[in-house]
Every structure is written in C-alpha cells, then in structure tokens.
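Structures given as structure tokens follow.
Both of the next two complexes hold chain A, though its partner changes from chain B to chain C.
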Partner chain A sequence: MQPETAYQEQELLFKQKKKNLSKKRMDYLLLLLPTLGIFIFFFLLPLFFLFITGFKTFDASSGVGNDWTLENYTKFLSDTFYLGVLWRTVKIALLTTLVAIVISFPVAYQITKANRRIKNYLTLIVLSPLLISMVIRCYGWVILLSNNGVVNNALLKFGWIDKPLTLLYTEFSVVIGMVHVLFPYMVLSIMGSLERIDPSVIRASQNLGASPIRTFFSIVLPLTLPGIFAGSVMVFSLGISSFVTPAILGGPQVKVMSFLTYEQVAVMLNWPYGSAIGFLLIFIATITIIIYSKLLTTSKKGVAIQ
Partner chain B sequence: MRKALPKFGLNFFCLLVYIFLAAPIVVVLFSSLTTTEYIVFPPKGLTLRWYTELVNHPEFMQSFMLSIGVAFGTAIISTVIGTMSSIAVVRYQFRGKTAIMQLVGSPLLIPTVVFGVALLQFYSWIGLATSPAALVIGHIILTIPFVMRLVVASLVGFDRSIEQAAMNLGAGSMRVFFQITLPIIKSGVIAGAIFAFITSFDDLTVALFIVSTDVVTLPVRIFTYMQYQYDPIITSVSSIVILLTVVLMVVIERVLGVGKVFESKNE
Partner chain C sequence: MSYLCLENVVKTFNKTEVVKKMNLEIKQGELVSFLGPSGCGKTTTLNMIAGFLEVDGGKIVVDGKPVHLLPPNKREMGMVFQNYALFPHMTVFENVAYGLKLRKVSKDEIKSRVAEALEMVRLTGYEKRYPRELSGGQQQRVSLARALVIKPKVLLLDEPLSNLDAKLRQEMREEIVDIQKRVGITTIFVTHDQEEALAISDRIAVMYEGRIEQLDTPVEIYNHPQTDFVSRFIGEVNQVQGKVVKTLNNQESLVSFYGYEQILTRHLAKNSVIDFYIRPEKIHISLEPNDGIVVKVDRKMFLGAKTRYILHNKENKHIIADIPNTVLNPDHVQEGKDVSIQWNSEDLLATKK
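Right, the complex of A and B next:
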C-alpha cells in the first residue's frame, strides 16, 4: 500500500510542477509584453521604415518618390561639403574626449583620495550637471561666450584684447559645451578604475624607492587605462550623436551630422537624405562600439597572459 | 615641501574644474536678477522683475505644466512596465533573453535625432502626430533602459527565500509582490522613476520633432524663444527650473544617496 501512495504523491508533485512550469512560461511573456510591444511598434518599426526611406528618390517639387536609389548615400560620400561635416563631427567628438580626459583625471584622483564625507560632496558637485536641463546649461554658455558676454567683457577690461573674440557659434564653443555635458561620464569611469587599484601595489612601489611621480606614471596611470578607455568610448559615441549642444552653441555655422539630419528633415523636408545621413551616423557610432569591445577582449587576454 | 606642492597644484586644478562646472548655472541664476532689458552678468542692480514678468508670458507656464505632465506620465508608465520586464528577465529562463536585453538597451546607442525623425515619420503615417501621448511613448523608449538597469540591479541581489516563506504561509503571488518584493527593490524602482522623470523633462531632441503650436514642452519653448529674443525672461524661467531640480536632488539624496543613482547611468 505504502509504495503506491508514495508513487501517487510523486506523480501529484510532478503534475503540479508541470502546471507551475507552464504557468511560469505564460508569466514571463505577460510581463514582457508591454515593453516589447512598445519597442517593436514605436522603436524598431519606425527605424526600419526610416531606413527604407533612405533608399527612395526625392524631388523638391513632388517630395518623396516611389523609386529605389542609392543616390542619397553616394551623394553624401562624394560631396566634399558633406564629408567636411562628417569630419567636423568626428573632430569635435575627439577633441571633447581629449579635453574630458585631461580635466577628469585630476578630479577623479582627488575624489578617490578624499575621505568619505568630502568624497560624497565632491561626487555630488561633479554629477549635478547631469541633472540640470541641458538646454539651460547651454544657454548659460551662450551668456558666457557671446560677443558682449562675460568672458569677452573680462578680457577687454583687463586689456588683454582690443575687440571681442568670436567665441560663440564656433567649434570652440561646441567643444566647451560638450565637455561640460559629458564630463561626468568620464569622471565616473576613471573613478571606477582608480578605486580598484590595490593600495599595496602603490606602497610596494614607494618602498622600492620610486618617487611619487614615477609611481604615478608607471603604476597608477597604466592601471587606470581601462577606465580612461571605457570613458573615452562613451564620451566619443555620445559626442558624435549629440544634438542639443551643437544646435545651441554651434548652430548653422558649425554643422554636425545630427544637425544636418535635423535640417534636412525639418527645413528641407528631404526625408530620404535626412535618413541616409542619420543612418551613416548610426553606422559610425556602432563601428566605434564594436572596435572598442574587440580591443577590450584582446586587452583582457593580454592581462590574463601576464 | 616636495609633497605639498603637487598636492596644492592638484587642488588648484580641481578648483578650476569645479568653477568650470558651476559657471553656466551660476551665470543663469544671477543674470535673472538684472534690472536691464538685456542679459548681463554680473547683473546691474537687483530685481525680481523678470519673475513677475512671467505673468505676461502664459506660454511658459503652459509649457512647464505640459512638461511636468509628460514627465510624470513617462515616469509612471516606464517604471511600471520596466519593472515588469526586469522581473521577467531576472527570474525566468527563456530563449532570446540576450536579444531582448540588447533591444531595450539600444535607445542609448541610437542617436536621439534619428529616433526623433523615425518617430515623426511613423506618427504622420499612422495619424498619431503631435499629442502629449505621442510624446510620452517616445520618452518611454528613451527611459526604459535606465529603469530596467536600476531595477535589474536591485533584483539580482535578492534573497528569494523570503518570498518562498510568504508563499508557504499562504500569500498569493500578487500579495507577495506588493508586500515583500516591491518594498525590497523599492530604492531601485524609485531611482528609475526619478531618472525617467528627469530624462523626459529634459528632452529637447525628440520633442522638437513631435511638437505643434499647442503641444510645446519647456525645453522646446526655451530653445525656440532663444533663437529670436535675448531678454532675461529665459533666465528667470531657467532659474525656476534649476531651483526645482536642486530641491529634487536634495530629495533624492535623502531617500537614496546620489552616488547610487548615478552608478546605473554610467555603466
């Protein structure tokens, strides 16, 4: 009698488990449904349609045509003006990245060295720009950099210049604004690396007689390279695709890829060309990320071998 | 001496960087107090005139309320559906999980301009253009990556035996979620909601494509006003926004600790 009950019990348990399992299967689909639905209908589908539009013909009088063409892409890649815009976009992003590294490293270093309370305050100061509206921060830069702005007035007063410098609507102002916007990402990334350095490694270097400067260049800096690298990729890819800062601080005078996309669509109503420019931008951003992850895996292997 | 000099240099350099960070914000705050008809820093005289002047510009108030509404809608919906998806991703094993994670993370990689253009084209085809709801949908997509990252992080270190105990004691799965799971992952969920709110409130790029004459969010209003006029009205509007943000930041700091919120944005 007893084995039978045990068997029945087991069977019951098994059935229950099976029921639970199929119920669970339903559960995760239900949980994912709203997010996936929105992403498929309002993200993937629109992007797919826009990609298709990039291969359509366009006529200024009749609008988007029905014929297929590669002209939008060839037009961009064979015109020196447009290639110039592409180069400017990359250049501004690269400059932003370099400046961000130079000013972030000391700040990240100072924050990691500080005691806990000061550390919290400093982190707050460094990160707070992220929370304040980007449009407003760029507007602050307009007030600072315009021809009769704060910087020019100060320079005139000290007699360092005779007439106002053109600072606003130049590549300079765009880089300044972008460094301001993207700086926190770089600091956080470098801080992450600095915090992972084992203090005993630094002590060892000092005990072996290395000067603080030597310790910094042969121990601290190499160990923070992964953080600098990760931060650079983030700043660069956010930099080439950013729109608000170049639009406000550069305007039509300093055209970048994102502004060109906006202009083609909103002003020229040339959707196919806007689409082609937009997808070229996506292409460059994706390439950057891919190269980065490739380099990261090889460098990890390198570390493993060591 | 040999040690003090580099340290002084470091601190001085960092001070310059902090001034650089604060400069545009400080300039906006102070020039809103000027008595002149144009923007000038340092302000000439002190007055709150540009704040009272806002009464004559109801469009700013309208845009402000619209932005708040859109940001609230985005934060609530994004947090609810983002939390649901996070639970599915952390708790269940299924095929295509990596693909789904990559899909919901991809808005961070796609330039916002391109997404805005794509959305505008799609909306005009299906006839959903220029409504606050259309904007909320766009913002949900921009904010889901942040929400999910934060909620997934708080779900991963979760001790499920507590839930098991509640179940064994006879609690239904809904009751377990609201009385056990939610209180434990609360900080991640709140941080996600705050991030969604800020991202939506700050968005210019997507909103720029989905505006019409009566649906204009505050960033778009400031952006377009700025292109034609250069009077201190903008600085007073901006100052109000900055002060509200500071209040919000203090709340975040009290509730969660700022560092925690930012860890997610950085990764």
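Right, the complex of A and C next:
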C-alpha cells in the first residue's frame, strides 16, 4: 500500500499545484484587466481606425469618403515640403534627445553621489519643470528669446552683438524648449541605472589601475546604457509627437508633423490625409527606436536592454 | 625589513577617530588578518591601504616607498571585494584582462597571462561566461584571478568569504591560502570570523575601537591573549575571580578561587582580587564532590564530539565547560547534581587591563 499512497499523494499535490497556478494566472489577469481594457479600447482600436482612415478618399461633405486609395501616402511621400517637415520633426526629436543625454548625465551623476537629504531636494528641483504648465513655460522662453527679449537685450547692452539675433521661431528655440520640458525624464532614468551600479565595482576598476576617466568610460557608462536607452525612448517619443512647444516656440516657420496633422484634421477637415500623416509619424518613431535599441544591444553585451 | 608599513595612521570621521595612530609592519609574503568586531576600523584601515580613503595622519609605506598620497589606481594593489565586484558587462576573460589592458600589455601576453590566472583558480574553460552565469564561489575565484593577474605588490582581501555558505567558505579559504603561498604575495585578510583568521593567518592583528590590541601568531593569540578584549573576543572564556591568599615568594602566590586554592607562578599582591579567564575546554570535571570548586550542573548540551556543561557554583557564578565525550561519558553526569571542577594553573589567562 505504501508506494501507492505515496503516488496518490504526489498526484494530489501535483493537481493542487496546477490549480494554484491557474488561480494565480487568473489573479494576474484580474489585476491587468482595467489597464488592458483602457489600452485596447482607447488606444489599439482607435489606432486601427486611424490606420484604416489613412487609406480612404477625402470627401468634402463628410470628411471620410467610401473608396479606398493610396493617394494620401503617395501625396506625402512625393512632396518635398511634407518630407522636409518629416525630416525636421525627426531632427528636432533626435537633437532634443542628444542634448538631454549630455546635460542630464552629469546632473544624474551628482544627484546619485549626494547624500540622502540633498538628493531629495535636488530631485525635486529637477522635476520642477514638470510642475509648471507647458504653455506658461513656453511663454517664459518667448520672453527670454524674442527679438527684444532678455537675452538679446543683455547681449546688446554688453555690446557683443550689433542687432538682435533671431532666436525665437527657429529649430533652436524649439529644441531648447523641449529639452527644458523633457530632460527630467532622462535624469530620472539615468539615475535609476547609476544607483544600481555597485560602488565596489568602481573601486575595483580603480584598484586595477584605471583612472577616474577611464573608469567612467569602461565601467560607468556601459552600465548606465539601459537607463540612457529608457530615457531616450521617452524623450524621443515625447519630442517627436509634441505639439504645444513647437507651436509656441517654433511658430509657423518651424512646422512639425503633429502640427501638420492638426492642420489637416482641424483646419482643412481632411481626415484621411491627417490620419496618414499621423500614422507615418508613429511608424517613423517606432522604426527609429527599434534601430536605436539594435545599435545599443550590439555595442554592448552582458547587461540586458529591454 | 618589513614590506608594508603603517606608521601612526589616523582616520577621523565626523570628529571621531575610527583609526587611532595605528602602527603595523608586515613582512614580504606574509598573510596577516585584520580581525575584530564590526566598527573596529579594520575595513577602514584596508580602504586606506588601498587608497579609497585618505589618511588623516601618518604614513603608509610599501616596499620602502610612501604610497598614502597616491590615488588608488597608482598603488599597484590587488583587491578582492566582499561582493566580488566583477564587471557585470564583461566576460570572465574581459574581467581578468581589464587590469592588463590598462597596463598596455600585448594581446598575446594578455591571453597567456589570463589563461594562467584562470588555471590557478581552476576556472579554465569559463572565459566566455558572464559573471551572472557563475556561482558565488566561482565569482569569487574570478575576482581573485583578476586581482592577482596584475602581479600586485600587496593583495587585499575584504571579507572575501562572508557571502559564501559554510562548506564552500572552508574550501575557498584553503584555496586562497594555497594560492597565496604559491604566489608568495604579501596579503592582508579582513575578517570578523575568528575561526577563519586562526586557520589561515601567519599573524593576526586583533583590532578593537580603532587600535590593534594584539599582533601575533594564531597560537599566541589564542593561548596568550595580552589584553582583556583579546581574551574575551578570541574563543570563549569563563571569567573567574581569584583572591590572593598569600605571597609565597617572588614567583609564586597562593590564590583562592571560590575556596579552591591553587599556587600560581607569578607574584601577586596579598589580598588583591584579580579577574582571570579560563577557556571552557581547559576545565576538568570530576564526579567526586570536594575535588575542586563544587558546582551544580544546570544543563548539558550534546555537541557531537564533546558535551557542553553549563554549571554554577554557590556564589551563582556561571561557568561553561566543554569536555570531550571520550574523556567523560555525558551519561554519568546528571543535571541538577553536584560535581566539582578544577583546572591547571598555567591554563589561566591573566591579562593586563
């Protein structure tokens, strides 16, 4: 009898385990359900309709026509004006990301090294741009950068320039404004990576004969790549799709994709063309992020990048 | 001539001296342990030697040259960290080769020296693995190979075994000593585990409150502790009080321990009361009453090869005795019964305060 009972016992245990497991899976599903619902009904589904609408004809009376067409895409991709806007949008987003990485790294580095109390204050200061309305912050930059703004007046007074520089309504002003809004995301994600570096790893590098600079490039930087990547994805995708900042700081001279979409959908009421432009923007952003992630993964091994 | 010298080294944190005018001389090829409770300054001292902390006073001299003003990357010391501190984004090979690359060693030589170092720690064939694919013991071996491959002047081990489980710890410590002796490298081993220190050191520096209490061979530290702290910290001791009955001559005095009188070969002032220490394994138990100090057996604990007896005498003084089961069969001792204990007078540890 002994082995049989033992066998039965095991069988029972196994069944119970299986039951527990499926119950656990149900729990996970329940927890995910609200977010999943919102994600599917308010993001994936509309996205699908956006995609479909992009292939419809334009109808002046109802917006979206009934016939299928590729015209919206061919119109965009064969017109140098539209392609120029696309290139400018990508360029501004890439520049913003690059500038954000360069200025965020030292900040994140110092914050991680500071003691706890100072760390909290510094983090709060870094996050402060996010507490102010985007519009207010942008008009602040307008005051600083306009032709008779603070910067130009100061430069004129010191006699460093003869006539005001064109700072506002340029790609430069848009990048400045966007870096200002978005760099906290970069700082936070780089900080996350830096904090995970074991301080004794840095000591080990120095102990083996590496100067602080060498240690930075051989150890610290590779180990923060995941954070830089996460930050870049956030800054880039927020940058490439931003609307308010380019609208206020770039004006009509610096048109970007989101502005084009707005123009088509809200002003021209050409919904199919607006959809096509919107979808192209999503497509380009996704492709760029995938290429970026591939580049990072091949350049370094060992530490996983999601 | 000593190889590594600390001269009046001082370290202060927030106005408290954590290392107080420390002096230490270590010979070439010697393995010295820093042993002490946490907060005794052993890791601080090690970090000052490695250069991660600046000295606030005094000098550190290696091979005749002062090094205490050099940054850590110029000190030519190999360090093994408690948590291994391997570079997680590099393979085992790249980890070990790191120090050699910095020294601009040629590619072929790097290859052969890394192979040699990995063979020494018995990890040949693991070159392409990443640290996270290795067990704790293997990671520690890589760390050791990485520290030794650059042929450092001094090897510093910062509690290298404390993250390993008991069995592996013993294996690794034998391996470390074995490699250390083979390479003949001057080594400092920081630990809070006295068994570890006793087992592997040429000499032990017992530290307490930023001071070296005693620097001696393991045997001397155990058998002749020089200070109160060392007696209590190393091994286990019973504290017993002796009253000097009379001074017999210049070398001998008669001392009474709770009525049990013994002649000690040292000169002690009459009527003075002195604290002595006696190790549990040095106590003899006699089943006859009145054959020494009479004590009651509170409890006995079977510990395998020996049995621990917890006893108390009439003055309620607790005494622990460890007796091998081959010497005294624990079945013959009953809890709650009276027995008597005694010891050889030369086993008493008397210490300067």
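One rule holds in what follows: the second predicted complex is superposed on the first by the 227 of 306 C-alpha atoms of A that agree within 3 Å, B and C clash if a C-alpha of one lies under 4 Å from a C-alpha of the other, contacts with A are read in each partner's own complex, and residues count from 1 in each chain.
To be clear about the criterion, a residue touches a chain if its C-beta (ideal position, glycine included) is under 8 Å from a C-beta of that chain, and two chains touch if they have at least 3 such contacts.
Quick caveat, the model's predicted, so the values are computed rather than measured.
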item	value
Contacts of A:Leu208 with chain B and chain C, given as first, second, both or neither	second
First, second, both or neither for A:Thr57, with chain B first and chain C second	neither
Chain B versus chain C as contact partner of A:Val135, first or second or both or neither	first
First, second, both or neither for A:Thr69, with chain B first and chain C second	neither
Most chain A residues touched (candidates chain B, chain C)	B
Which superposed partner A:Thr170 touches (first chain B, second chain C, both, neither)	neither
Partner chain in contact with A:Leu32 - chain B first, chain C second, else both or neither	first
Partner chain in contact with A:Ile103 - chain B first, chain C second, else both or neither	first
Touching both chain B and chain C, residues of chain A	none
Interfacial residue positions of chain B with respect to chain A in the complex	3, 6, 10-11, 13-14, 17-18, 20-28, 31, 39, 41, 81-82, 84-85, 87-89, 91-92, 94, 100, 103-104, 106-107, 109-115, 117-122, 125, 137-138, 140-141, 144, 198, 201-202, 204-205, 208-209, 219, 222-223, 226, 234-235, 238, 241-242, 245, 248-249, 253, 258-259, 262-263, 265-266
In the complex, chain A residues that touch chain C	198, 200-201, 203-211, 214, 218-219, 222-223, 300-303
Chain C to chain A touching residues, read off their complex	50-52, 71-79, 81-83, 85-91, 98-99, 102-103, 130, 143, 146-147, 150
Residue ranges of chain A in contact with chain B within the complex	24-25, 27-29, 31-32, 34-36, 38-39, 42-47, 49-50, 53, 103, 106-107, 109-110, 120, 123-144, 149-150, 180, 183-185, 188-189, 192, 212-213, 237, 240-241, 243-244, 247-248, 257-258, 261-262, 265-266, 271, 274-275, 278-279, 281-282, 285-286, 289
